[in-house]
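Presented below are the structures under discussion, each in the form of C-alpha cells.
Same chain, two partners: chain A is paired with chain B first, then with chain C.
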Partner chain A sequence: MLKILKYSFFDLMRSRWSYVYFAFYLLLGIILLFLNNDLSKAVITLMNVIIVLVPLIGTIFGVMYYYNSKEFTELLLAQPLKRSSIFLGQYLGVALSLSMSLILGLGIPFVLYGLFKSDAIWDFSLLLITGTFLTLIFTALAFNIALSNENKIKGFGYAILLWLFLAIIYDGIFLMTLIMFDDYPLDKLSLVGTMLNPIDLSRTLILLKLDISALLGYTGAVFKQFFGTSFGLIVSFIMLTVWVILPVLRIVFKSKKKDF
Partner chain B sequence: MKNLIIFLSAILMANTTVSQTIEVCNSCPISTIKKAIIQAKDFDTIVIKKGTYKEHNILIDKPLVLIGDSYPVIDGELKGEVITITSDNVTVDGLFVINVGTSYTEDYAAIRVRKSKNFVIQNVVLEKLFFGIYIEKSSYGKVYHNKIIGDAVEEYNSGNGIQLWYSNHIEIEHNYVEHVRDGIYLEFSDDCIIKNNVSAENLRYGLHFMFSNNDLYQDNIFENNGAGVAVMFSKKIKMLNNTFRENWGTASYGMLLKEINDAEIIGNTFEENTIGINIEGSNRITYKHNNFKNNGWAIKVRGACYTNHFLENNFLYNSFDIAYNSKVNDNVFDRNYWSNYTGYDLDKNGIGDVPYRPVKLFSYIVNRTPETIILLRSMFIDIIDFSEKISPVFTPDNLLDNNPLIKKISW
Partner chain C sequence: MVIIQNLHKKFGKNKVLKGVDLSIKGGGIFAILGPNGSGKTTLIKSVLGMVIPNKGDISVLGENINKNSDYRHKIDYLPQIANFPSNLKVKELIRMIKDLRKNTNEDERLIELFKIQPFLDKKLGTLSGGTKQKVNILLTFMFDSPLIILDEPTTGLDPISLIRLKELIQEEKAKGKTILITSHIMSFVEEVSDEIVFILEGKIYFRGSISELKTKTSQPDFEHAIASILTENHA
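What follows is the complex of A and B.
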C-alpha cells in the first residue's frame, strides 16, 4: 500500500493541478494578509473560504484522479496485490497531496507574517486541521462515487451534486425543519443535524472559536453543555474522524466486490 | 460683616483644636470601638490600631473620623450589621470588615449610612459580606477606593456591593467590587457620579439603576457579570467611556436599557458580550462613538424604542449587528462604520455609495426559532441574507445607514 501511496503521491506532486491548488492558497493567504493587516481577521475570512472550497476541490480532484488513473489501476489489479491496498494507496495519495498543498499554501504566508508570535496560532491550527479533515472526508466520498459509477459524466455530476447538497441544500432543509417544528424542543435535533454533515461540523468548530458569545445566547442545557465546555470540541473531532472512517471503509468494501 | 467672619473662623479654629484623637487597640485602655465612640466628642478622631475587633452593631451617631491603622479587622461574627452611621460628617477610612450576618428579613450591611450628609467612606476592604456599603436617605457623600469581595452564589441570599437608596449627590469612585449580587445598585438616587470603578464577576448586574435620574457613570469596567449594567426606569443618565466585557449567557447583556429616556451613551466599548446593548422601551437616546466588537448581537432592539440616534459608532465583527423584532423603525442610523459592509466608495469621500442594512434576515429567523443559531455563517444563510438585502420583506425596509463609513472611526 505504501508503495502505491508513494507512487500516487509523487505522481500528483508532479502534476500541474497540485501546483495550481498550492498557488491558489498561497495567493489567497498573501492577499488576505495584505488587505487585512490583521492576522486574526484574516483567519476568520479564511475559515469561511475553507469550509466551502476545500470540500469542492476535494470532491472534484478525487473523482478526476480516479477516472484518469483508471487504466493504471486496471494494470495494477492484474498484479498480485491486495485490492484494498491499491485503492487506499491511491486515496491517501490524493488526500495527502491535497492536504499538503493546503497546509503549505496557507502556512507559508502566515508563518512569514509572524504567526508564531501571534495569539491567532490556535485558531490557525484549528483551521488547518479542519481543512485537512475536510479533504480526507471529501476525497473519500469522491472515490466512493467514482467506484460506484462507471460513467465519467455521471460520476462528476454526482460529485458536484454531493458538494452542492452538503454545502448549501442540506442547510436549507435543515433550516426549514427547524422552523417547521419550532413548537418542539429542538436543541438535540439541531446538534444531531449538524453532526450528520461534515461541512456543518467544521462550521461548528469554527463557530466555537468565533461566535461563542452569540451561541451562548440561546437557552438550552444541551446547547450550553455542547458549546460552553470543551465537550463540543471533542465530540466534533470524534464525529469528523467517524466521517473519515466510514467512507474509507466503504471504499475497501466496494473495491473488493467490484468487477473490473 | 468682617467681624462676623473673623468670629466664625475663630469658632471654627477653636473647634478643630479642641477635637481629640482617641486610640483603640487590643491592649489600650479603650479596647473596643464601641467604647471609643461613646467616649468620643463631636469631631474627634478615633484611630483603630492593627488587630482584630469582634464587634457588630457599631453605631456612629456623632460626627467622627474613624481611621484604621494598617487595616484593623472588624469581625462581625455573622451576627448582623457591623457599622451603622447615623450622623452627618462621618469619615470611615482604612478598615477591613468581615463576616457580616446574612438575614432574609433585614438587609445587614458591612457599613450602613442612614440619613446622613457629607460622609466619606474610603480605603475600606469588605469581605464575607451580605450587603457591602448601604447608603439610605443620605446625600453629598463620597465612597472612594474601596474593595468589596463577596462570595455570592445564589441571587436570593446575597446582597449588593454598594447600594444607594433615596440618596442624592453621592460620588462613587475607584472602587473594586466582585462576587456580589449587584456590584453597585442605585434606587431612587439622583445626581450621583460613578467613576473609574471595576465591577466584575457579579451574579446579577455590575451596575444597576432603578428610578434614578440625572446620574453619570464613566470610565468604569464591567466584566463577566450576569449582565454588565442594567439601567431601568430612569431619565437623563450619562454613560461615558465605560468598558463592558465578556458578559456571557442566555440573559446576559453588556448593557440593558429598559424604559430609559433622554440618555447619552458615548464612547463606550462593548466587547465579546452575548448582547452588547439590549434596548426596550427607550426613547431619545444618543449613541455615539461607541465600539461594538465581537459581540453576539451588538444591539438588540426589543420594541417601543423611538427617536434614538445611532451615530458614528464602530460595529466590528459582531455575529449580528442589529436585531429588530418589529417592522416599524423610527430610529436613525447614520455615519457608522460596519465591518460587514460590502459596498464601495467610487467618489472617495469616505462614505459608502450604497446604504447599509444592519438587520439581516437571519437575525429575524433566529429571533423566531433560536435553535437556528447553529446555522450561523452557513453559505445557505449568506444566500438568503443576500436576497433579503436586495429586497427587504421581513426586516424594516427603512432601517438603513445611508452614510456607512468606509474606514473605522477613531476619535
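What follows is the complex of A and C.
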C-alpha cells in the first residue's frame, strides 16, 4: 500500500492543481493576517472558508482523481497487489496531498506572522486538525461515489449533491425542524443533529473553542457545556474518526467486489 | 497450470460466461478464440482476478485465486488496449512496475529488441498506438513468469515488431512456459498456437488442435473452419 501511496502522492504533487490549491490558501492566509491584524478574527474568517471549501475540494479532487487514474488502476490490478492496498493507497495519496496543501498553505503565513508567540495557536491548530479531518472524510466519500458509478457525469453529479446536502441543505432542514418544534426541549436533539453532519460538527467545535458561544443563547450554553469540556471534545473527535472509518471500510468492501 | 470449473459471470442481465470448464496443463501456446462479445476477455480477466465470477472456481498453479493476490507473481499479462497513465514517462513506468513486482534486467534487452530507446524520456500520452503496444509488450515480457496471458498482442504493431513478437513468444515457449493468447488475426493464431479453445455464447464450443478443427468442420483451411462454426451457429 505504501508504494501505491507514494506513486499517487508524487503524481499529485506534480499536478498543477495541488499548487493552485496550495497557492490559494497561502494567499488567503497572507491577506487575512496582514490586512486584518486581529488573529482570532482571522481564524474565524478562515473557519468559514475552510468549512465550506475543504469538503468541496476534497469531494471534487477525489472523484476526479479516481476517474482520471482508471488506467493506472487497471494496470495495478494485474500486478500482484491486494485490491484494498491499491485503493487505500490511492485514497491516502489524494487525501494526504490535499491536507498538505492546506496545512502548509495556511501554516506558512501564520508562522511568519508570529503564531508561536500568540495565544491563538490552539484555535489555529484545531482549525487545521478539523480541516484535515474534513479532507479525509470527503475524499473517502468521493471515492465511494466514484467506485459505485461507472458513469463519470453521474459520479460528479452525486458528489456535488452530497457536498451541497451536507454543507447547505442539511443546515436548512435542521433549522426548519428547530423552528417547527420550538415548543419542545430541543437541546439534546440539536446536539445529535450536529454530531451527524461532519461539517456542522467541525463548525460547532471551532466556534465554541473561540468562546463566542454566548451569542448562541440557551442552546449555546448547552452546547458549551458539552463541546467545551474535554469529554465533548473527545466525543467529537471520535465522531469525526467514525466519519473517516466508515467510508474507508466501504472503499475496501466495495473494491473487493468490483469488476474491471 | 490453470483449472477453471463451472465459471459463470453476468454483467447486469447480460450473461457472458455460462459454465466454462477448462483445464490447461503446463507448456505450450493456447489460443482462446471466439466472436466479438463471446467472453474471451472476461474469461482472461477472471483468471487474473480483475473480474469477480458469480459462480465457479479458478486455480492457477494449484492455488485457488479467490481472495488471493500473490499468485499474480506467476502471471505476466498483456492487456488488450494499452491504457497507461498519460503524464508518466516510459522510463518512469518501467521503473515503477519493476518496483511493484521485482527487479529485472530483462527490460534492457527488450528495449533494444523493440527499439524503444528514443521514446524512454517521452510521456506515455504522446506515444502512438503501436509504440504504446511495444511498451506494453516490454512490461509483460520483462518478468520471467511461468504463465503468460496475451490479449490481442498484435494490435498496432508494424511487421518487424510482429516478427520479433512471434520470436519472443517462441522463445518463451521453449522455456516450457504456458502462454494464453486471444486474437482475431487468424493467420497469427494458426502460426503460433499449439491448441485452440473456441468460446461461443459463453461456453467452450471446441477444444483441440487446428487440424482437428479442420476435420471436424470439413474445411480445408483454418480461417474457413472458424467461419463455418460461426455461420452454423448464427453468431
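Keep in mind that, in the parts below, the second predicted complex is superposed on the first by the 245 of 260 C-alpha atoms of A that agree within 3 Å, B and C clash if a C-alpha of one lies under 4 Å from a C-alpha of the other, contacts with A are read in each partner's own complex, and residues count from 1 in each chain.
Quick note on the criterion: a contact is a pair of C-beta atoms (placed from the backbone, for glycine too) under 8 Å apart; a residue touches a chain by one contact, two chains touch by 3 or more.
Not measured: the values here are computed from a predicted model.
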*Which partner does A:191 reach: the first (chain B), the second (chain C), both, or neither?*
first
*Applying the touch criterion given at the start, work out whether A:48 contacts chain B, chain C, both or neither, answering first, second, both or neither.*
first
_By the touch definition at the top of the document, which applies to A:63: first (chain B), second (chain C), both, or neither?_
neither
*Does chain B (first) or chain C (second) touch A:76, or do both, or does neither?*
second
_Partner with the higher number of touched chain A residues, chain C or chain B_ = B
*Answer with first, second, both or neither: which of chain B and chain C does A:260 touch in the superposed model?*
second
*Applying the touch criterion given at the start, work out whether A:14 contacts chain B, chain C, both or neither, answering first, second, both or neither.*
second
*Touched partner set for A:207, first chain B, second chain C, both or neither*: first
*Under the contact definition given at the top, report the residues of chain A touching chain B in one complex and chain C in the other.*
none
*Over in the complex, which chain A residues touch chain C? Could you list them?*
3, 7, 11, 14-15, 69-72, 74-83, 256-260
*Can you list the residues on chain B that touch chain A in the complex?*
246, 248-250, 252, 272-275, 294-297, 317, 319-320, 365, 368-381, 383
*asked:* If we count contacts the way the header does, which residues on chain A are in touch with chain B in the complex?
replied: 41, 44, 48, 52, 167-169, 171-172, 174-175, 178-179, 182, 186-187, 189-191, 193-194, 200, 203-204, 206-207, 210-220, 223-224
*Mind listing the chain C positions that touch chain A in their complex?*
11, 45, 48-52, 69-73, 75, 77, 79, 83-88, 96-97, 99-101
